[in-house]
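Below is one structure; the comments refer to it alone.
Going by the order they are written in, the chains are A, B and C; count residues from 1 in each one.
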């Protein structure tokens, strides 16, 4: 009987080790391939060159255009999701009655459950034609449509984590504010939002990380043209879209072009890794605060 | 108007802003699904579901993509569920609070935040190349299993944590071993929430596009896969492929494909919500 | 399973109480106490919560552990079925013996120990299963699946816990549907079903109303004929009503341990007197 228990425990332990192996696998794959890549392309060029043309005759390996594309779509998305998400969070936690909250929360989650390829289709076939009616100079593939739709997708991420943070604020603070004659709005913005700020920051960091890593919407709607620009009306290419682009073409394996996706992937991994870890530690800290 | 009145008006105004913000995303989604249904519903018929892909938009069907998605879903489930639940049990019930366990915890949180394209790159290098699975269902299932593993682990842990410790104490008090307690008390009590988390994770897997493209699932597969080592395509890739074509007839196909994909996704989410609801009513501590 | 120790034998040698009168179960030994601790210290990390407690308890007696909150009486109770083992920072010194055997010795399997030492908790904690399955659980995990044996054990245990008449027609109903008092008696039945010789009760009536409490106390009176009972209680009237011996704990120390009647009428220690007259705690 003791042996059976031990075998089971070993099996369970092995399963949890898979997660460590996954991380090691990611690091090994990205680093080993990138190392070969950086043997041929100087890291200085990678970080400072303003052109990314590995698939062309005249090759340049500057990641900046891809970073700019990623930053642009992410910025548009956050510009949508942040104000809406926080307004929703305050409304649901401070204004809405329990039945309304319990209806809307799961409904909002649907926004995050829709596959991203579907959002991409939406951005390209509905949002872009609509925006072209207002902004005639808008490119067919553009950062604006992709970013707007991506923003809608990550609304529930911001709203639900921020709402959790607001609701974790002790009731005594609310009562103190109301007791001094504050309205709900004043209580929310002057007392609760500051008290819940760490949680709200976490939700925004995670939303940014999600937007940076989002792939299909930007591949479909933002285009596949590396472009060092901060004009959201233009066609751009994000890091993720580039990786998909290479995967779709028939780039010979083992070639330098093939290795670009690992270098680009490493860049993407580092960015999201930093954001995720900052949010993890902020979260840990404010959780301790309330305990 | 005095400042108190102004404050009251602002308060009211914010309430309506809140209602508007909460609805806007849902209104957009409704508009969007409505427009897709308008575009695509006419295209959905038995032939669309059972035809092989074709270069002619009117003849093309989603059979291979649908079959590929089902294959991939089942295989991903087979790989990820036991691993995910087992890992969660280990972390929640066996692992002691050490540096190692907090490392595992940070690691899993990190994995949950790693973009799906990175999992695609991992799968490409490990399963497709090193293990030589090629662009097969096997490579796809392992890749997606790793992708949803952190989600399954996190939700399962939450579910296990919610089982009151008094139940566990009672079981230990009767001489049950750790595993007996987990097997007979903890897992049944947490079952509903665990199942909910698993279904949500799988519904995420079925909608994933990028990692499957990266490991080399093909947009054009002429036959329904027969075994785990066959090449395959999935519904989202088929949709993506149609979206990128200039011919409007293919865009109609994409809309029709999306209707099918959304139907599957929403159905899975519905089941998950129903399960969670039923379990909450059944077990009331 | 080579190194079967004595306490295991007492449990496994017979499958059910109904087959044999309970008295024949344990060898009567007037000299050797049923439960005994010698110089026990308990630490949670750097915190000492029990200091040098030595005590002996007779077979088929009821011993009450009383004292103010945080005095270590619950921790002390849980030493006897090693329920503290799950606390990560727990550490103990000294010997804790049942029938003269050290229960913390490496040769003792904690699961086997707990089959012999049943426990009833402060809050009723039935499993979210049927009434029947709650009582049968302890036997099922020992591999008993014979329906006749289980039926018999369930009936006997529910009778012993004075619950049979109330639930006999609803054995398949969820245990969570019972009232708090019924749930607690179900938990007692569940503990009895594995045929222990000792019952530990951690404030078993503190979550119950007066009528349910009276039923539990009455039950303790009857169970005393077959079981050695150790009960932690906050309620001094209750200690007076149910127990033969009473131990007063204060700040992790055993202050006074004597016959219940004597402790409540003429305590030797001033602290005991202050406590039982309600001057502190």
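Going forward, a contact is a pair of C-beta atoms (placed from the backbone, for glycine too) under 8 Å apart; a residue touches a chain by one contact, two chains touch by 3 or more.
Note that the structure is a prediction, hence the values are computed from the model and not measured.
When each chain is reduced to the mean of its CA atoms, the one lying nearest the mean of all protein CA atoms is B.
Each chain gets a centre from the mean of its Cα atoms; the one farthest from the centre of chain B is C.
Taking each chain's centre as the mean of its C-alpha atoms, chain A lies 17 Å from chain B. Once the centre of each chain is set as its mean CA position, chain B and chain C turn out to be 48 Å apart. Distance between chain centres (mean CA atoms), chain A to chain C: 55 Å. Within chain B, contacts with two or more other chains are made by residues 177.
Listed for chain A are residues 1, each touching two or more other chains. With touch defined as above, chain C holds no residue shared between interfaces to two or more other chains.
Listed in rising order, the residues of chain B touching chain C in the complex are 96-97, 164, 166-167, 169-177, 180, 184-185, 188-189, 282-284. Interface of chain A with chain B (complex): residues 1, 4-5, 8-9, 11-16, 18-20, 22-23, 25-26, 29-30, 33, 83-84, 87-88, 90-92, 95-96, 104, 106-108, 110-111, 113-118, 120-122, 124-126, 152, 155-156, 183-186, 188, 206, 209-210, 212-216, 219-220, 240, 243-244, 247-248, 253, 261-262, 265, 268-269, 272-273, 275-277, 280.
On chain C, the positions that touch chain B within their shared complex are 81, 83, 86, 88, 111-115, 118-119, 121, 123, 125-129, 137-138, 140-142, 176, 187, 190-191, 194.
Chain B meets chain A in the complex at residues 7-8, 10-11, 14-15, 17-19, 21-22, 24-26, 28-29, 31-32, 35-36, 82-84, 86-87, 89-91, 94-95, 104, 106-111, 113-122, 124-126, 129, 146, 149-150, 153, 177-179, 200, 203-204, 206-210, 213-214, 216, 236, 239-240, 243-244, 251, 254-255, 258, 261-262, 265-266, 269, 273.
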